[in-house]
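Before we start, here is the structure in question, set down as structure tokens.
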Amino acid sequence: MLTTAPAAIRPTSSLRAGRLLFVRDVLLAMRRWEHVADPLVFFVMVTTLFPLALSPQLSQLRDVAPGVLWVAALLSSLLAADSLLKSDSQDGTLEQYVLSGQPLTLLLLAKTAAHWILTGLPLVLISPLVAIALGAPTGALTTIMVGLALGTLTLSFLGAIGAALTIGLRRGSLLLSLLVMPLAMPLLIFGSRSAELAIAGESAAGPLYLLASLLVLAITLAPLTAAAAVRIGLD
Amino acid sequence: MLTTAPAAIRPTSSLRAGRLLFVRDVLLAMRRWEHVADPLVFFVMVTTLFPLALSPQLSQLRDVAPGVLWVAALLSSLLAADSLLKSDSQDGTLEQYVLSGQPLTLLLLAKTAAHWILTGLPLVLISPLVAIALGAPTGALTTIMVGLALGTLTLSFLGAIGAALTIGLRRGSLLLSLLVMPLAMPLLIFGSRSAELAIAGESAAGPLYLLASLLVLAITLAPLTAAAAVRIGLD
Amino acid sequence: MWTWFHKLASPPHFYRIAGKLTPWFGWTALLLIVAALYGGLVLAPPDYQQGDAFRIIYVHAPSAWMSLFIYVTMAVAAAIGLIWRMKLAHAVAASAAPVGASFTFAALVTGALWGQPMWGTWWVWDARLTSELILLFLYFGYMALRASIEDLQRADKASAVLAIVGVINVPIIHYSVIWWNTLHQASTVTKMGAPSISTSMLVPLLMMILGFNIYFFAVLLTRVRGEVLRRERNAGWIREGAQA
Amino acid sequence: MALTGTPILTAHQLHLWRGDRHVLRGVSLAVHRGEALHVWGPNGAGKTSLLRVICGLLPAEEGEVAWNGIPVREPESQYATALAYLAHDTALKGDLTALENLRFSVGLRRAVSDTELRAMLEDLQVEQCADLPCRVLSAGQRRRVALARVLLSRCALWVLDEPFTNLDAASSDLVAQALSGHLERGGLALIAAHQGLNLRGGAVTRLGLT
Amino acid sequence: MALTGTPILTAHQLHLWRGDRHVLRGVSLAVHRGEALHVWGPNGAGKTSLLRVICGLLPAEEGEVAWNGIPVREPESQYATALAYLAHDTALKGDLTALENLRFSVGLRRAVSDTELRAMLEDLQVEQCADLPCRVLSAGQRRRVALARVLLSRCALWVLDEPFTNLDAASSDLVAQALSGHLERGGLALIAAHQGLNLRGGAVTRLGLT
């Protein structure tokens, strides 16, 4: 077979390539289930740390609950973002993407999507429990979840940019946080604001719309930017 | 020279070996100054994120200041801890330590010390600024600094254990946090308590003594444990 | 005694003995629990101030107790495995962890369920509650570490180190939390349970705790047998067993 | 086999500086169908650098690379789809099995079936590693799995950086054999290696760097 | 050169399982002063594993390694100080220069002066890399710097895993030369390599793994 003439080949469509990458990343994560759990547990832990560091009256807790929730979400997304491209760039897989002839933007989009499914979504799903532990009323839960869903997804895309920019820097993780955090400020403000309103029992439509529009912006621009950054990072 | 007979050699004493390692690590960090800055800036960022996420009345801020300070310190120490052994284990240097004939415990002690100098100390030094920004009275600053100094040093040692346990595990960073955080809870509690007392203008001797005793415990036990873990981690 | 210990520690031997013991444990546990449930849910009178809500105690207190008991068991087994290089001990520790975690979880959930009627909230940052929660994290950490190392020997030893460090830390956590909590004014119902528990309530509770313990041993034995099979899969005695 | 027609891959007067070292000093090359260009030279001569420039992973300060006469600016799909690069490090995921790695890395370029993948692993005599995580594979086994990616890519141009590293004699022959097969099918190859290349089929031209 | 006296390094009936693969099946060996044991065999035969077991980095399930007749449990100082190991990967810090790397890694074992270090780098013909961060060095240059560590370690036992990887012909000779010098000084060596070892001085015994 090594020397036989090749049969006609069927090149891979970009979409198929994207799907392949998506599937592979999910598979890769499942190989080590605990890694999927990690950002989740981190989120839960940070939210547990706070009450420990504060005096444990529920009333006061409820005031800071939105802040705690969102800062925790922000941090764990940032940490997770670190792993988005690291292994790929370390073992040279990233070069292979660039050389694969597939649109890098699309590949990165797929990667980011997989990444959110694996790190952001679980966090959103657990948030009601955490919110209750922080003394939020049951009425506020849906708003909080929606807000976090929009926020974490946007964060994943921001994280992609940061990860792309820090390719090849050992110990990039903290540097990455530095790059992304400023971009994430608006998210944090609107997000915690929405949670605050929800807990106070008022309508949080305003901040949620703002979050949504930020998400749209991120989805359209981030993969392009990240792709460019990757190209730069390689040479 | 390749084939000439060797002159008599002067073997390296354990202490000298420790100093060598210490110096090398500091040098290595200086090569990438941004890494020294990383935990610091992360600390500052987290502490600035909070006021953003909360409604910024200073009174309320002052109540949560100790919590914010200490959670931020804890997190940035944990993140920094990830890099304590990672590069050494990736490029096979760690094996060389084990085979160097020098006491591994001592080498790890040196490494941890260097690590604290590079990641913990800057954080302690900047803390007064942050504390004031969070509305702490000037009277409380020394106590806060002492508390953070004791706490971060202990955290570095705990981090060493975590790092040693997660050698060579991909995406070890979050796993590490997961392992170390429960161990770090007491630090957080006593630490934030001391800051709280200081801000309230009372004596924080009690919690500080407890922190100190925890530190002693850590210094004596952690390097041994870490060394054992490293030996395990290599095969 | 010592020789007997070593004999037991040899996998094939243990496998056989455990196989024999399991059903006994299983049935006694079942009997005790059923009896305790009857005593607790039917015979015992409703609590004069909590009404029937107090009956959760029959699940809650035993699970909480087990959560602590199992962690210690796990750590001790791990230590034995590390010091005397006994594979079986590692197997025990490995099998104990998930059981302990689920008991901890049960304690948390039942506690929370109880908290709702009692304190009007699912969760308060009470000392005991918090340390229980942290205990859950310790279990998670142990399991996560074990799961992320595929080489068995290494996983055994590394997680053993963690378990031991953890058990040193448990009392520290416990007291730090209590201390932290009591520094503030008694925020909520810190002292748990009904005032003086009457014997008609106590006896079933004790039976329940005993039942849970025996149940734990039954589960542990079966799980360890599974572990042993997995670990010794290419050892001689299993092949023979398979042929036979 | 005579090298007829115009060269497919050409590079003209490439200059590359790394730090203050002038690594590539006006390197030109031309590769025809069925030709393997064997880049050799002492350590640090610039072989890897040259290969990376040709792949477009490293921009040369001067000179240009052309494919079918069309200058290549940065890896564009048309050129990239024709090129398979094997670097010093095998781009394998330690947590995925050899098969999963290939399923993905080959799949990125073309539709491929597991049977085909397994067949190739068998040809390279690493079938027993197909379902092991690459982390546990030996250096040479990893190298072979990485080579399988290239052999399966069906690309016109193979760019191999020291493909024989860590390989035992037997598998070195296998690779050489695969290579000559590729050339006989009209493929091109650019190979950095310290050992001499003696192929059954195909023409080998040597390019020395100093 | 005749192999006189009792062997210094011995291993008896080593058994090692990796996963469910029985990698080392009762390997025994004995190395005398001035002897180099050349471990060879196909990829995946277990050369690296054997070397790591000998170094005490990997515990063998059965069998034992003895140094001067004293069994070695885990790397104890007495044995470790007599042993220098070069793995598949060069334990170099990319951010430090070659000199700084050596200053540390050799310094861990014995007091060493920069002039001595530079002299060795010169002997290995990488003096121009002495002050470059290892990150930018070529594969072969990195390999040579890593070898310099071993050559300078003054250890009685050299354990080298494929020392010739990435090396050009010239430097392979240099290494071989250094090796025979080591043996003539009464040193021992354990070497995994696919190429044959032909040394001017010292005795070479071959140990085949399958």
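Note that the chains are named A, B, C, D and E in the order they appear, and that numbering of residues resets to 1 at the start of each chain.
Simple rule for what comes next: a residue touches a chain if its C-beta (ideal position, glycine included) is under 8 Å from a C-beta of that chain, and two chains touch if they have at least 3 such contacts.
The structure presented is a predicted model; accordingly, all values stated were derived computationally and were not measured.
A.B. asks: Can you name the chain that lies farthest from subunit E, using the mean of each chain's Cα atoms as its centre?
C.D. replies: In terms of C-alpha centroids, the chain at the greatest distance from subunit E is C.
A.B. asks: If I average the CA coordinates per chain, which chain comes out farthest from subunit B?
C.D. replies: It is D whose centre lies farthest from that of subunit B.
A.B. asks: Look at the interfaces A-C and A-D and say which one is made up of more C-beta pairs in contact.
C.D. replies: Contact tally favours A-D.
A.B. asks: Between subunit B and subunit E, what distance separates the C-alpha centroids? Give it in angstrom.
C.D. replies: Their C-alpha centroids are separated by 35 Å.
A.B. asks: How many angstrom between the C-alpha centroids of subunit D and subunit B?
C.D. replies: Subunit B and subunit D have C-alpha centres separated by 45 Å.
A.B. asks: For subunit A, which residues are shared contacts with two or more other chains?
C.D. replies: Those would be 32, 34-35, 38, 41, 45, 52, 55, 87, 170.
A.B. asks: Indicate the residues of subunit C shared as contacts by at least two other chains.
C.D. replies: Those would be 134, 137, 140, 144, 148, 153, 177, 180.
A.B. asks: Could you check subunit E for residues that touch two or more other chains and list them?
C.D. replies: Each of 59, 94-95 in subunit E touches at least two other chains.
A.B. asks: For a test of understanding, state which residues of subunit C touch subunit A in their complex under the given definition.
C.D. replies: Contacts found on subunit C: 121-126, 130, 133-134, 137, 140, 143-144, 147-148, 177, 180-181, 184, 187-188.
A.B. asks: Which residues of subunit A touch subunit C in the complex?
C.D. replies: Spelled out, the residues of subunit A in touch with subunit C are 32-35, 37-38, 41, 45, 48, 51-52, 55-58, 61, 132-133, 135.
A.B. asks: Enumerate the contact residues on subunit B facing subunit C in the complex.
C.D. replies: 161, 165-166, 169, 172, 175, 178-179, 181-183, 185-186, 189-190, 193, 210, 214, 221, 225, 228-229, 232-233, 235
A.B. asks: Can you check the complex and tell me which residues of subunit B touch subunit E?
C.D. replies: Going by the criterion above, the answer is residues 1-6, 9-12, 16-17, 20-21, 24, 27-28, 31-32, 87, 91-93, 95-103, 231, 234-235.
A.B. asks: So in the complex, the part of subunit C that touches subunit B is made up of which residues?
C.D. replies: Per the touch definition, subunit C meets subunit B at residues 134, 137-138, 140-141, 144-145, 148-149, 151, 153-154, 157-158, 161-162, 165-166, 168-169, 172-173, 176-177, 179-180, 183.
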